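Chain nomenclature is as follows: A, B, C and D, assigned in order of appearance, with residue numbering initiated at 1 for each chain independently.
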Amino acid sequence: MAGNTFGKIFSISSFGESHGAAIGCIVDGCPAGLPLDETDIQPELNRRRPGQSRYTTQRREQDQVEILSGVFQGKTLGTPIALMIKNHDQRASDYDNLKDVFRPGHGDYTYFKKYGFRDHRGGGRQSARETAARVAAGAIAKKFLAQFNISIRAYLSQMGDIKIEAQNFSWDEIEKNPFFSPDASKNESFEQLIQSLLKQGNSIGARVSVEAHGVPVGLGEPIFNRLDADLAQALMSINAAKAVEIGDGVDVVAQTGTEHRDEMSPNGFLSNHAGGILAGISSGQVIKAHTSFKPTSSIRIPGQSIDSAGNSVEVITTGRHDPCVGIRAVPICEAMMAIVLMDHWLISFGNRPSLRD
Amino acid sequence: MAGNTFGKIFSISSFGESHGAAIGCIVDGCPAGLPLDETDIQPELNRRRPGQSRYTTQRREQDQVEILSGVFQGKTLGTPIALMIKNHDQRASDYDNLKDVFRPGHGDYTYFKKYGFRDHRGGGRQSARETAARVAAGAIAKKFLAQFNISIRAYLSQMGDIKIEAQNFSWDEIEKNPFFSPDASKNESFEQLIQSLLKQGNSIGARVSVEAHGVPVGLGEPIFNRLDADLAQALMSINAAKAVEIGDGVDVVAQTGTEHRDEMSPNGFLSNHAGGILAGISSGQVIKAHTSFKPTSSIRIPGQSIDSAGNSVEVITTGRHDPCVGIRAVPICEAMMAIVLMDHWLISFGNRPSLRD
Amino acid sequence: MAGNTFGKIFSISSFGESHGAAIGCIVDGCPAGLPLDETDIQPELNRRRPGQSRYTTQRREQDQVEILSGVFQGKTLGTPIALMIKNHDQRASDYDNLKDVFRPGHGDYTYFKKYGFRDHRGGGRQSARETAARVAAGAIAKKFLAQFNISIRAYLSQMGDIKIEAQNFSWDEIEKNPFFSPDASKNESFEQLIQSLLKQGNSIGARVSVEAHGVPVGLGEPIFNRLDADLAQALMSINAAKAVEIGDGVDVVAQTGTEHRDEMSPNGFLSNHAGGILAGISSGQVIKAHTSFKPTSSIRIPGQSIDSAGNSVEVITTGRHDPCVGIRAVPICEAMMAIVLMDHWLISFGNRPSLRD
Amino acid sequence: MAGNTFGKIFSISSFGESHGAAIGCIVDGCPAGLPLDETDIQPELNRRRPGQSRYTTQRREQDQVEILSGVFQGKTLGTPIALMIKNHDQRASDYDNLKDVFRPGHGDYTYFKKYGFRDHRGGGRQSARETAARVAAGAIAKKFLAQFNISIRAYLSQMGDIKIEAQNFSWDEIEKNPFFSPDASKNESFEQLIQSLLKQGNSIGARVSVEAHGVPVGLGEPIFNRLDADLAQALMSINAAKAVEIGDGVDVVAQTGTEHRDEMSPNGFLSNHAGGILAGISSGQVIKAHTSFKPTSSIRIPGQSIDSAGNSVEVITTGRHDPCVGIRAVPICEAMMAIVLMDHWLISFGNRPSLRD
């Protein structure tokens, strides 16, 4: 398990390079009897899919998922569910000029140094294309958790300097704009920012927030597999992630104890600064996490770098790329939180479906 | 492995409650032949130990480590190294009044709900006392890594609103003040803040930064065990942690691509916004991570809560507690980064000492 | 990881049902730079493939392997290698009459009780068809190990009461007969036995021996991941396996200390009763393991059983089945030993190819 | 986790050298609320303890277990249970003459070659003394499983050529003789064999059988964590084990399909050749496994070997050793089966005690 498997009881093992034959994953540990077919997964992939609007990369991929195993007569068997997404739009020639060049901000240099050999086409394994496999796996976890009224939703909470505002927050808005923003009043600002970046050939960072509602108290194992620690690993493993926050996150540094601690009454908690996790274990409140994504490294503005022989080169990325990778990270954050929660749910309650009937 | 073991090849399995007989851990996977005795570990424990100054909790613990196995004639055997720290100062009666009460901000409620039964004395397993075991394990990892000129150091980078300043930064200052601060010009402000909090019976958050120098390019496994993802899990697993950042962290949200991407010349990288990790793999630059710690939940100012019968109660914590738990997290952050790096070092280079001779 | 992943650093995650769309696996942890394409894998699959002779099941499967990822320009990338084998000959209707019946000796009953729902077509996930995925993964491990002159070979050492004889042993014979027997003098007896069983509609058990040559001293981790313990898990995980022996195996019960212990001289060991493993660690001698396989459960002779409603039924298996499943286990035993040894090789020597250049 | 941890959800991490300060283990994953103190564990250790009769080694160890964590007010907390057994009788000088010598049949040579350095005192980590930690952990698993009427018992089924006979089998006899034999009619033969071996300074192998009664149908995960595969790893990991058999074991090689397959009637299975496991999953029948142990390698009869400089030496073991190590393996086999079953029980039913109330 050289890094491509995640989860203890419910697990995902991912495979595939950006411009290889296919990407996909094996989802292991889903209990038997869950109704499932491709139509449960495809809508999530469509949310993540590139080429959806001018605000995301224009690469045209159908991202059509095929279930190769683990489902029979429309229900999960309890056996591994293999998911495959074939790569169609493999305009690898876009990348020929980058074959021996290390693009700044990418893993080209580190992969080359680690492996001594790399697939330069679209970043190969480093590409965020791999996250489609996670979104597919996450769709299964979301469907499983929904049986217990656990739901997971993410949204764009900041792009550049523009933050959404709590008073304008509406879950209904999220799917109505190309930014996954819950604050309709910011759509125009986001659009102007993206337009300006496209013109410059530049890019911008973003912050994605994800929430889980309906999680029972008591999920999470002490110390190293605290729910927050597992979420931190899961969210930081997303391409371009540079920070993971739980609840009030970095703001806790400037808080006092009286401000931060969530007091309780017989009717429940009086606030949720902790983000629904206390001592690593879910408190029954809404679980809240935030991930900060760096600006897209592939931009049209020339940058200094070196080639594999160590010579100085100037790099311009001419391929089709998102000006803000954080936008498409919204369904990925949902997927990763769903995978973590389903794993912890199974650790607590077991994988025998009969128990829950 | 219900959450108390961390690491794939080099691992730590931790045990112990705050006021039980002992705490400790088993360190597995340390290659044979490393010179080691208690004097290599004790100084790190002393740095973390409570009761060192009036700025940290006045609980008096010797924190004397005993090596029970894995070392023979002053060298590691390659077998598990069991470390034990007996608990001496077990003024458990301090906690009698909290037996049936859920302290706000603590895991009392979540542990009770998860397990149906809990050790109320000083938080039991939830207590940050457990981190002494990690610091002991980390001392071994630090010594191992030092053989390859890899060094790990942490420092307090912010407390409340007070941030250290880059132009005053000095590694030499860190051990000279009770705050692990590298900026001597802030000592007075930190002291005043702590004094004021002690007077109020309140507490404050803090941010701890940790760096690894000398890490070779190529450590980290793709996707889920990216070096940054493993660091995120490791650092978020520390008590009171609410955010983990790599490199520029949350600041990347407002950065453009041209600002963020670290360009390269034949002489190396021209900047280090990424924090020494690209696509999850070490770049050969300094690795930088930051952890945000919430303010101590145990404070003297009364708070509303409930008891295990669901009745409303007022909680005042009268025990001995740090006004800023983040301070003592400095050696813990070092330990966790050392454990992650040693694990990845062994995955890359193997555990056979003969290979390295 | 609900049971379908094996290995710590070099791992295989398997998927697929006998009569589903495809079977296959993800091979993770293979170092970069190993020359690899389908032609390295296909010959091993052909050795295991059904329909090769009248002595094995007549199901016609091409067992054509496709590499979906992890290989670029004919070399491994260090990223996961996904292998897929499509199922073509899915005469599922053969199994319609068994839909609600538990075949004696099969996992029909246990799968039904565990999952509450099962794929009855050819045994679904319980089918030995799954082992094709392991053979494909094993081909990669064999090729990797061959770089270090480690070779793995298995053979049929017993079928029914007929044992091969040491004085007739020849590695060259193994691929020349349909039994994988190294003793040409037994071919006629094996043939007569099989013919007689085919006539009766009955089946017979078999013992398969596997050896690894060229394994360096020092592979294996103490206690639970001793090389023999990992081999025991790996070999016992093969369908129909009921015993795993190392070296002299069950014969050690009647041996005295002077008979069993392998004495040493300055020129090396004087015997190999231990099977090349001492205290769980390879000794540098030939590693020897043996697996006993039960007779095929699917036979034409009627047997008593029950259906899913608990009613008594008589079961006759009319599908195409091997009279001796042990024969085709020969390449599977090789594959499992190769996977175990490659995992331990990487634990000892690391996964960085540069180190070995 | 360099080999010293076993189990997915319920796990044991073992530590300690034969003549170091202490041995012990951390038991992780035991659900909260199980009544437990040292008196639940000590009797099992006493059964395994050396120095009990002249038939086992005369080393005098109290093997007094101390619970360091995980238990509060007589009940498990759900947190790691650390168990420590101090080493008292450390007559290490017995071993001084063996410091640079590789004893035949022991791991001295393989440990030296693997680690380049070893603890020669009584075999260090290779010593079967380590199994005391497993017996202690197994006592907890046995107590947990007993809540669900699952019981585990082992016995000596063969020593040298002497096999117990089914018609004389009595569970009541096992604790009444020093051999853990269920067949009183064989006591005299066993005694004569041991006396003769003691006189010669030689040793003999043994076979230990272990059964689990009351296991529900459906435990075990497909493919690599089949119940039989996990049992094979667990039992083969015991010192001196050379074979593991499930049900009819090696005898299946000579069986036909009609003989082996266990037919069913509406009243249940009509036989149990499979040993209670079908396709890796428990069938609800008695689970049966057998382990073959080699003769003790430490004997008084001189043997040829080499020293660490490669020179020829003659080795005579003068320390106190069992003439038949298999005898004391009886409680160890029980412990390992209990650990495997508890782990699988938790995977199926979860670790939340409230669910089971």
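The working rule: a contact is a pair of C-beta atoms (placed from the backbone, for glycine too) under 8 Å apart; a residue touches a chain by one contact, two chains touch by 3 or more.
These numbers were taken from a predicted model, which means no experiment stands behind them.
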Chain pair with more C-beta contacts, C-D versus B-C: C-D
Reference subunit A; chain at largest CA-centroid distance: D
Cα-centroid distance, subunit B relative to subunit C, in whole angstrom: 45
Geometric centre distance via CA averages, subunit D-subunit B, whole Å: 38
For subunit C paired with subunit D, centre-to-centre distance based on mean C-alpha positions, whole Å: 27
Sequence positions of subunit D contacting 2 or more other chains: 1-5, 8-9, 14, 79, 114, 125, 218, 222, 347, 351-352
Residues of subunit A that touch subunit B when the two form their complex: 1-6, 8, 14, 102, 104-107, 109-111, 113-114, 123, 125-126, 130, 158-161, 197, 202-207, 217-218, 220-226, 228-237, 239, 241-250, 252-266, 270, 273-275, 277-284, 292-297, 299, 301, 303-306, 310-312, 326, 347
Subunit D partner contacts - residues on subunit A that touch it in the complex: 8-9, 79, 218, 222, 346-352, 355
Touch list for subunit B against partner subunit D, complex: 1-5, 7-11, 13-17, 20-24, 26, 28-29, 31-33, 66-70, 72, 75, 77-82, 84, 114-119, 124-125, 351-354, 357
